[in-house]
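Shared between the two complexes below is subunit A, which has subunit B as its partner in the first and subunit C in the second.
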Partner chain A sequence: MDLLEPTRQAFALLFSGDRELWGIIWLSLWVSVAALALLAPLCVPLGFVVARIHFPGRRALVVAMQGFLSFPTVVVGLVLYLVLSRRGPLGAFELLFTPAAILIGYMVIALPILMVFTVAAVQGADSRIYETARCLGARPLRAMGTTLWEVRFAVTAGFVNAFGRVVSEVGCALLVGGNIAGLTRNIPTAIALETSKGEFAYGIALGFVLMVIAVGVNVALAWLQGEGGLE
Partner chain B sequence: MIKRIVFALATLLCAATAQAQTVRMATTTSTANTGLLDYLLPKFRSRTGITVQYVAVGTGAALKIGEQGDADVVLVHDRESEEKFVAAGFGVKRRDVMYNDFVIVGAPADPAQIRGMKDAAEALKRIRAAGSAFVSRGDRSGTHLRELQLWRAAGVEPRWEGYYLSIGQGMGTALIMAYEKRGYTLTDRGTYLAYLKKTDLQIMVEGDSRLNNPYSVIAVNPSRHPSINHAGATRLIDWLTSDEGQRAIAGYKVGGAQLFFPSAK
Partner chain C sequence: MSPLFKAEGIVKRFGERVLFDAASLELETGNGYVLVGPNGSGKTTLLRVLAGLDSAQEGKLVYRAREAAAAGPYPEPWRREIVYAHQQPYLFRTSLADNVEYGLARRGMARERRAALAAEALAWAGLAARHGVPPHRLSGGEKQRAALARAKVLNPVLLLLDEPTANLDGEARAQVLELVRALITESHTVLIATHDPEIIRLAILTRLRVSAQRIEVAE
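This part shows the complex of A and B:
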């Protein structure tokens, strides 16, 4: 199998601004980012609460969340498929095979990751931060903000991790998105199916973009963390 | 140490003989999704002891796999690309095996009003004009290529934003998506019947001569890929086109309906 020729074609495709190719890349990016943006206001405070407050079942919740970290995304896709199908409980919304279905899937996949990272970050923080903030007259919400700000690097690492997982997963996006050209075809599903068609150039181009995104996000994180990331 | 080497050699030998008893086939999703292969291949195995491993992809991909020597034999359905495949020297011993036909199926509400039409191209024109959802395999399979021929015959560019859904996947997925989107699709009758219980789609257009769907089996050219199991491929082709194989094909029924009709000459 010749590897060079498809690679050359891949770069030609990328730099010629192939509309379909860039549309696929755009879909992957916006759905991943939107999933995380929608989850953030829910998961971060919730993670803080779970880390700080003792309530019955808390330990079971944390263990369950950690278990979900390694939950196969294709199973998330399967369950969601059954729920969203016209014959499923949420069938009336006709969401199966739409970008919204992928978005929901990504949220389900990312939720435990964000939770677990936030919980670990807050638990790892010096509990005196919160107490000091309270003593200085901060309301609980403000004190929570202070604590989260102190552990922002660890929380951000959760987002980077979650982003990496959703942007590269293929099982859920393929099942509930359906790989429809121009509608729900994203980078991983396109790579999987273009390769099965023998369209290697497309796969290589998209694989390259996926790697650039992954490395780029991590470099951005390191830059954001600055000196703090090294401590 | 010696024991270990003997064991390793024995393992290798077993693997090698197992190899000789295996034929790799690249085929279309329709032969797999209908359940035909899982019915047919055990019969071949009990006759010859040869196990057939198959990958079910579109005709285009199946031919590509054969071209690269990653399969010993292909079972496909697109005359034009089959002829090119043989002419280019990638395949030998092409034989007709069976046929069925394509049908245009759609949601029972029939938004484009094509039920009962006899002209498949006209029906597609109407689907386009009504702006209804149409699911396309979009995977260069035999079905996809036929669909494109019909669009050409209709003089319509098969692209309309949000409703011409090109999915790059198998026939079963396409049918389910047509059901979910309350739209239409072109399918081989066999897969449609095999999926009858999974969708509410109904046959809208059938009987147009442009909807005939013949399948052929082709051996991958052994002079290009000396390592392939050509002997096994030949035995599979001989069996499929034999009286016994042809009877077996005719005997395969789903819900009482025969899905494929023998055509070996």
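This part shows the complex of A and C:
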């Protein structure tokens, strides 16, 4: 198969500002970022609490979260499809086949990743961080913030991981989004569709963008991490 | 006059092991105290209970005539006046100056004032030239001096120091020792847990001994 011509076409498409193509890219980006942004204020403090406070069922919760890490995303999509479909418990909200449905799916997929990474980061943190902050007069919330900042390398790794998982995810987005052109078609579902149709230029262009996004996000987060953890 | 800080009937157990059984101590304002006892006798644990980092099973703490159960939550306002420094201090992964300013920022002090006080404290600790250095590049002695500067800058009413010269030798130990002496003579109330004979011998310090699960004033 000649790869040169589809690749040339792919870059021509990208640089021509093709509306449909860039619409797909934009949807993938904002839904992935929004899912993580909505989860961060919940998962990070919750992960901190789970790591530091002993309560009944704590171990079971962590084991369950770790179990969810390997949950197939297509199963998440299936369960969400049943919940959001017209006859499902949340059917009245008519969210199925909308970007909001994909957003919810991504949140479900990313939640255990962010939780597990935060719990591991805080459990592995030097206990003197929180104690020192408290001894210097920080209130518990501030001491939590200080601790999380000190272990930001490990916490940020959770975000990199979660972003990578959701931005390249096909099964859940396909099931609950429906791959509707101009509405819920994102990069992975579009690649799957266009490749099945033999439209390799589109697939190559989107694949290239997906890789650029992945590298870009990693570079941005590495910058955010700073020297934390790398001495 | 009532003592500045009092611990009464402290009971601390780790499982079956009883570390303190109705132990009590009193600290007077402006005095220096040294806490001695063999390894594992509970010196660090006692400091941690007094600092609110650990709780005891029984007993009460009285600070400036205000009372708190040693088994219950530590009063938040006490943390602004009672400062504990770890045996091996943790310095946050930021500049040395930011480390020293941390506690001042928590007290709502303006940035310019904080920077001035931090610079003063670092100069006191002989670290003025190292203010921008990331803490992980400091030596053990420098870290300990930075921790003392970080504690001193808060002007604590009661300063709890856990083995400030442990793991140090030669000049590093001498420099830390000098700062500890300065803190004591600057009329802070200081309680130091240590094995260092040079600190124990300081005439200005009252010696408290952890012995048979109690605390007694040593001769």
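The working rule: the second predicted complex is superposed on the first by the 226 of 231 C-alpha atoms of A that agree within 3 Å, B and C clash if a C-alpha of one lies under 4 Å from a C-alpha of the other, contacts with A are read in each partner's own complex, and residues count from 1 in each chain.
Please note the rule applied: contacts are C-beta pairs under 8 Å (C-beta built on N, C-alpha and C of every residue); 3 or more make two chains touch, one makes a residue touch a chain.
These numbers were taken from a predicted model, which means no experiment stands behind them.
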**Prompt:** Okay, in this complex, where on subunit A does subunit C touch?
**Reply:** 126, 128-129, 131-139, 142, 146, 150, 227-228, 231
**Asked** Given the complex with subunit A, which residues does subunit B contribute to the contact?
**Response** 57-58, 60-61, 64-65, 68, 138-140, 161-162, 165-169, 173, 177, 179-181
**Request:** Using the touch definition up top, name the residues of subunit A that touch subunit B in the complex.
**Result:** 1, 85-86, 94, 96-97, 178-183, 185, 193-194, 196-198
**Asked** Which of the residues in subunit C end up touching subunit A in this complex?
**Response** 51-53, 76, 79-80, 83-86, 88-90, 92-93, 102-103, 106-107, 134, 136, 150, 154
